[in-house]
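Consider the two complexes below, in which chain A is the common component and chain B and chain C are the respective partners.
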Partner chain A sequence: MLIIAGRSFRSRLFGGTGKFSSPAVMKEALDASGCEMVTVALRRVDLADPADDIMSVLDRERYLFLPNTSGARDAGEAVRLAHLARASGGGEWLKLEVTPDPRTLLPDPIETLKATEILVKEGFHVLPYMNADPILALRLQDVGAAAVMPLGSPIGTNQGVLTKAMIEIIIDQAQVPVVVDAGLGAPSHAALAMEMGADAVLVNTAIAVAGDPVRMARAFAMAVEAGRAAYESGLGMVSKDAAASSPEDGLGFLR
Partner chain B sequence: MFVTPDFAELKKAIAAADAFDVQQALAAERIGIKGLAALLSPAAKPYMGVMAEKSAQITGRRFGRAVQLYAPLYLSSFCSNRCVYCGFSADNQIERRVLTLAEAEHEATILHDRGFNHLLLVSGEAPAKMGVAYLEELALRLRDRFAAISIEVQPLRGEEYARLFAAGITAVAVYQETYDRDVYRQVHLSGKKSDYDHRLATPALVAAAGMREVGIGALLGLSDWRAEGLAIGLHLAWLRKHFWRTALTVSFPRMRPAMGEFTPPLPVSEREMTQLIFALRIFDPDVGLLLSTREEARYRDGMLGLGPTRYSAGSCTVPGGYGNRDVTGEQFSVGDHRNIDEVSEVIRQKGFDPVRKDWDPIFQMHGRRPQSAALVI
Partner chain C sequence: MKIVCNGTEHQVAAGAKIVDLLKEFDLAADTVVVECDTLILKREDYDRHELREGSVVELIRFVGGG
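Coming up: the complex of A and B.
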């Protein structure tokens, strides 16, 4: 079972709340996805308001809300948003996003590391969104990140796991859970990340803007399960030549 | 500094585009200025359906199935410019007023009570009547209650923008009105606004001062809309290169009847404006596109999801008009008279989420703790 910051999760699919056509569709899709962790943008919701359109439809018993700092341009802003989350009942969990470029929304490694260090000291469970940089993943782990969230490809692009080679290294080296976040556009992308040994994936755009978000959520849930099962079962080595049944040419000398 | 190419050159580049260029632009993953010229050209006319589809797809992928709502709050109708197209032009005999801070706050409260969280403060350009100190004080009074406050006022100096940013203003719109130098001179008779280059340089000042967002645009109807579109594209691309931290938006004010009896020399049809919107969306997938209540409900409803990402609603273009329906002296008359709830309902019916809050005052609390964070132990 997946454990992050002492809490266990049955589902290895994390959901998002952005870009849906309505809070009702969002709720149905998240319910269908089976996910237990849902990220919400602090800029978008009012955590303290029970009537908030997003917060009011989601069951707080069923989902762990992971407030995110979407929109923060530097560590200072991210820290302020984190304080707001905690003050309005958001708890200690935080998806740290520091994205100074409003165009690509790529994470700033320097500010992300700074903010992680500060927030961990303040008692937050920090899950930083990061570029797929193995050394950065280790640095974030060293300052106490509860998990690392490397991107598969630029957010919202549906391009899949373009950072495969780097994510493989991150998975290989990390002691904290690795959650592949951003860019997963199809269930097959999610399955690939899971087969590679990612501990979980976070999918939002691909579900929210699908023709049928509810079915797509289910499709991702199945893909994540399939990918994880394949990883745990031990995938065969990839080889261009045929394996066991090859003739033993050149081995005729063996007795 | 950004320099607009000669308008005649822009027109020439657009006229040179043929059907092949259009097809190439529509097939490409990303297009550049040449592709934009093709999509703005008459050769793209038969491809409006494909452009709509592509524009909708890009918009959906980047912005999701959401439309952000905002309201303009007119603060002052005093203006020291003489601009032939504007209801607030110094020449026009209209009843003029500038709201006191208390009145402005009252108007904002009305909008807040109606459900608005994103506010655009608008005024004529008369610094003596309404300057930076006024805007600063108003922003400080409002920033706790609104998710985001932007301004559309006279061009200011860089340090003044920095001051307003610190007070809680997040975005600034400065429309060039027309990128056509000759027409610009003809329609801006006198006042500070008659300086084309000063106005053109202002968006960069805004971005350099640290504002999160800059809005640009052209007043449609003054000159050739295709060339305006290409100039806007060039301006966007230049701003992106030089200010990578700044979000950009484009607005599409199409001339409506106003006091002063000005007839737009080159009126832009709905279909033409739509082509402009699609072309700019395909050119720049990340730019925010605003569609105001200048346009009629039918058009705004039809455009939902196809490119624009922000809608105003329930707008009144006269200072004090939200609290008092009888005041006169509007800047222009609106085409969509529905209130925020009615607009939201249509957005929902069309399968989109009317988003009233997509920012937070906390972003602007530079150097001080928010009230709610007092709970932090």
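Coming up: the complex of A and C.
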């Protein structure tokens, strides 16, 4: 069972709540995914449509909200968002995102480390979104991150696990759970991350923008389960030379 | 008096409190978090905290995100 900051999770698939076509579709897709933790963002209330509160459709008993600091461009902004998240009833859980460049949305390693250090001291369970940098993962772990969330590829790109070799090193070294986040565009990408030994994956875009988000959520759930089972079962060695699966003896009758 | 709420100017009655502002927008207190002049307010302070001329108020809530 996956344990992060003392809390156990049966599902190793974490969901996102952005980009769904409607709150009803989001709710159904998240139900189908089996996930127990979902990310949420913080934004100004739209005063032209203040009744638009899509989070009200989600059962807070069923889903642990993981507020993110998306939109923060430095540690200071991320800390401010974290305080707002806590005041909004988000508890101590936080997906820390510091993305100074809106074009790439790549995380700033220095500001992320700074903010992690501050927020851990303030009692937050910090899950930092980070580039797949093994040294940074160790540094984040050292300052008290509850998990690390290396990216597979840039947010929303559906490119899959482009950072495979680095994530393998992160998994080898990590003392805290490793959650592969961002860029997982297909169930096969999620399965790969899980086969590599990731503790969980976070998927938003690929489910939310699918033709049938509910079915896609189910597909991701199966892929995550399959990948985890494969990892726990022990994958065979990769080799350059062929090794026959059928017996090599007993062919005397052919020649 | 004039305040700035979520980036736009609003007129509120003199002595108006946060709770009055939430009523005006028909917002339930437990669905928003209020930051007034860079201070995050506790929910129990919404009916005590008075707005001042030029107060800058942010009404924030959870929205969908990844």
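Convention: the second predicted complex is superposed on the first by the 233 of 255 C-alpha atoms of A that agree within 3 Å, B and C clash if a C-alpha of one lies under 4 Å from a C-alpha of the other, contacts with A are read in each partner's own complex, and residues count from 1 in each chain.
We take it that a residue touches a chain if its C-beta (ideal position, glycine included) is under 8 Å from a C-beta of that chain, and two chains touch if they have at least 3 such contacts.
Just so it is clear, the structure is predicted and the values come from calculations on it, not from any experiment.
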First, second, both or neither for A:Thr17, with chain B first and chain C second: second
Contacts of A:Thr39 with chain B and chain C, given as first, second, both or neither: second
Which superposed partner A:Arg255 touches (first chain B, second chain C, both, neither): neither
A:Leu84 touches, of chain B and chain C: first, second, both or neither? both
Touched partner set for A:Phe65, first chain B, second chain C, both or neither: second
First (chain B), second (chain C), both or neither touched by A:Arg73: first
Partner chain in contact with A:Pro100 - chain B first, chain C second, else both or neither: first
Which superposed partner A:Thr205 touches (first chain B, second chain C, both, neither): both
Set intersection of chain A contacts, chain C complex versus chain B complex: 18-20, 42-45, 83-84, 87-88, 156, 205
Of chain A, residues touching chain C in the complex: 16-20, 26, 39-45, 47, 50-51, 53-56, 65, 67-68, 70, 83-84, 87-90, 155-156, 182, 202, 204-205
Residues of chain C touching chain A in the complex: 5-8, 25-27, 30-33, 35, 40-42, 58-66
Residues of chain A touching chain B in the complex: 18-23, 42-46, 48, 71-73, 77, 80-81, 83-84, 86-88, 100-103, 156-158, 205, 208-209
Chain B to chain A touching residues, read off their complex: 60-66, 147, 212-213, 240, 244-247, 286, 348, 351-353, 355, 357-360, 362-363, 365, 369-370, 372-376
